[in-house]
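Each chain gets a letter, A, B, C, D, E and F, in the order it is written, and its residues are counted from 1.
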């Protein structure tokens, strides 16, 4: 039985400068490039929690509402929110900063899921996560609902069995 | 009023060879790199439907179940499933092929949403989509439910108002 | 003796978006980048025909007549035209599309030759190709003449021995 | 009338180290990557001759006979062989070196053609080339034959009119 | 006169995963790639201090004593140590982590200098830096000596005039 | 005992074209990208001298005084100046050329140090260097002083012991 870990032990900050090849013809960062950076940042958080090689299992819905411009600095912060046997959910927040203009905006947040694997690529147990702050506890609790949604969307759970998820839709 | 278009008019096939820099230390394609390719492929489909510059608005849940190996050929096929004013949902299927081994597997599917914009980055109307085959009609119909899920997850619609989505959880 | 294959079994479509780093100071796609994409696309066609690892043996004359612009979509289609023991000739067509402008032009065509190799890099037999359509038969027949030209240019065949090739210059 | 230039005035040497992403699954340099490097090297030679922006007009047959390995040093040397109004033919030689093994081999040679253009992309006159060494004179003379072959292959000259080229096939 | 700033206001953390193309044939991170990442990280710190576009003016001696391996996570932390009119010195620390092995080592430290420029590339005044912690004060004080060494090495100051620097060599 | 070598035996020229992704928002080459190219060029020189795999041990102070623009041609020339057991100092000169404008300027010079290693990454002896031209002899002699400065800056030599270096500061 592995020693449980705290969210702060997997905390990771990654910073990228938006270069020409990352942008579309409007000089805005392409969504796919950001998803790529986010995947690497979230994978490092999952590695830090598990001390294992990790592979991406899923990414939940991601919305892109704020354009990020050529030359902007993108900062991502990720930490593990909950562990399930060999898998971990990672929460990720993204900010974009136009430093000369003195503007910094929150642009995205996302949940990635990773599976820890051994050298042969087989799933292997990871430590439990013990949340501490109210926000961490909230993310830990809601992780169950997000997991059910993932399983329903992947066709691996019937909507009727997704108890926590259904509760969302039954509030009258 | 723009002339409606058929799904086949936005159909696009993209092929990539998995190179060393696309892989993790197990020599498997990193999830983020695949999300990047998928975004470009889906964006081209949305461009073809709208004849406009497009920006990624969201990507729905994506699961990664099959490892894709160094040297594999990744084939993506995308087409628009439904249009809503200035936005388009694109369905994307992904296959990975180990050609010397004669093995080809379906690895992922995903829904991306794009917004068509003018030269100043402002949303602009796109043609309606008219589905033809039974599969296209099915994707067209279920697009409404996926759209509600996106809005609920983005906090822009109350679960109680997501009529089509709720139906999923009320079947008994 | 390997089962012969049809051209359609090696048919491959590859799509690329022209990004800033692919362009010169006039914002046009650099010829060398296109040759690089064409090589990968043609190699996949040769892999599909032979189910082997393949190495580029040669590329025939390629002309660049149409400028391809930043943001354009480049589509390449390749298929095997003829097999000779361990080598395959691949025909490749290239189109560039400015989607917002609704313009699509044929920009290039080329012939690449690949050799199928085993895990130690030694040449190995490939299936024969059996052309079907009139265009495929024409490409199959003229492959002999192009092969003689390659051998003459590489100094491995005397012009006097290149019977099919010489016929080109003796018509009156 | 522009002052004529010597071949040595366009002489350029380019050196590249073969990195993992440049190689196929046998750890050999991919042909397309080499064509890309060669195009850049040859373009610089044409720039030096013309003091203009240049665009690739064509590349002649290139054969790949020697595998180039991961970690090898690739050296390319290019110079202009002849100028025709606004176009220049560039000859390029390529060597690969495995330095720890003390082995250096000549791997390729090629002819690229470039057109000098003004800021609007329109062809513009370039200086004549005056060859000096016997080898330079030989390349200058044979440039005519290669040019006829290019025009014939591009369907812009009838084989019967390619006088210098035909001579090659008529030696009995 | 601009308001002075504290070192923590320019503090930036950057994280990179070592991918195959970043490594030499021993699978170790190449020094030049690390210098490239360090330059970007340090430039962001200088941007944050000055709220300006910045250009690299110099990098001081950097030693590479610890090999950094393929798959390692490289973490860089940078902050401004002192400002001189339009230039800023940035101190940078680098750690490499083999997460599955649970090993993290300090690998490098460096001083970069940047100049803040306006939209036309002309130097422009930056805020003064006011150090707070003992370590920050120490870096602030020694910045003068490092600056003299840079000027001496660049041939822009006579060794005899480098008072603070000379003191280093006169301790008996 | 290995046969000594001359500087010209390690001479290497590398040429790069500045592409969009190499530049900052002012369209100038980023310092870190140039340091990356310089490291590869210098490493090849050290490989040629030692016929070994080499790893970067240090780079001395580098100043960036001239902006290098998008589309410029960067030429680097490197050769070994002195060998010490398993390490080699490499001197590197850099020019930038705006060919259409007919302008070529010397932009940087630098000293890199490399260690030759065997297949297990352990330091291994390299040939002595025998300088020939007056400039080579001067670089050979001053290498001792630069080496002392490196050791002092790395905290591995006391300033008081750096005899050749101290002489610089004692000229009255």
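FYI, a contact is a pair of C-beta atoms (placed from the backbone, for glycine too) under 8 Å apart; a residue touches a chain by one contact, two chains touch by 3 or more.
These figures come from a predicted structure and were not determined experimentally.
Graph distance from subunit E to subunit F, where chains that touch are one step apart, equals 1. Chains that touch both subunit C and subunit F: A, D.
Seen from the Cα centre of subunit B, the chain whose own Cα centre is farthest off is F.
More than half of the residue-numbered contact pairs at E-F reappear in one of the options C-F, B-D or C-D, namely C-D. Look at the CA centroids: the one farthest from the centroid of subunit A belongs to D. Residue numbering at the subunit B/subunit E interface overlaps only partly, since under half of the positions present are found in both copies. Superposing subunit D on subunit F by their CA atoms means rotating through 180 degrees, a value rounded to the nearest 5. Here the spacing of subunit B and subunit C, counted between their Cα centres, is 31 Å.
Each chain gets a centre from the mean of its Cα atoms; for subunit A and subunit C, those two points are 43 Å apart. Between subunit C and subunit E the centroid-to-centroid distance comes to 49 Å (mean Cα coordinates, whole Å).
Multi-chain contact residues of subunit E (touching two or more other chains): 20-21, 24-25, 40, 43, 53.
Interfaces, counted as pairs of touching chains, are A-B, A-C, A-E, A-F, B-C, B-D, B-E, C-D, C-F, D-E, D-F, E-F.
Touching subunit B in their complex are the following residues of subunit A: 24-26, 28, 30-33, 35-40, 43, 53, 55-65, 67, 112, 117, 119, 121, 149-150, 152-154, 159-160, 162, 165-166, 168-172. The touching residues of subunit F, counted against subunit D in their complex, run 12-15, 17, 40-41, 43-44, 47-48, 51-53, 73, 99-100, 102.
Remark: subunit C residues 19-21, 70-71 touch subunit A in the complex. Contact residues on subunit D toward subunit B in their complex (touch as defined above): 20-21, 23-25.
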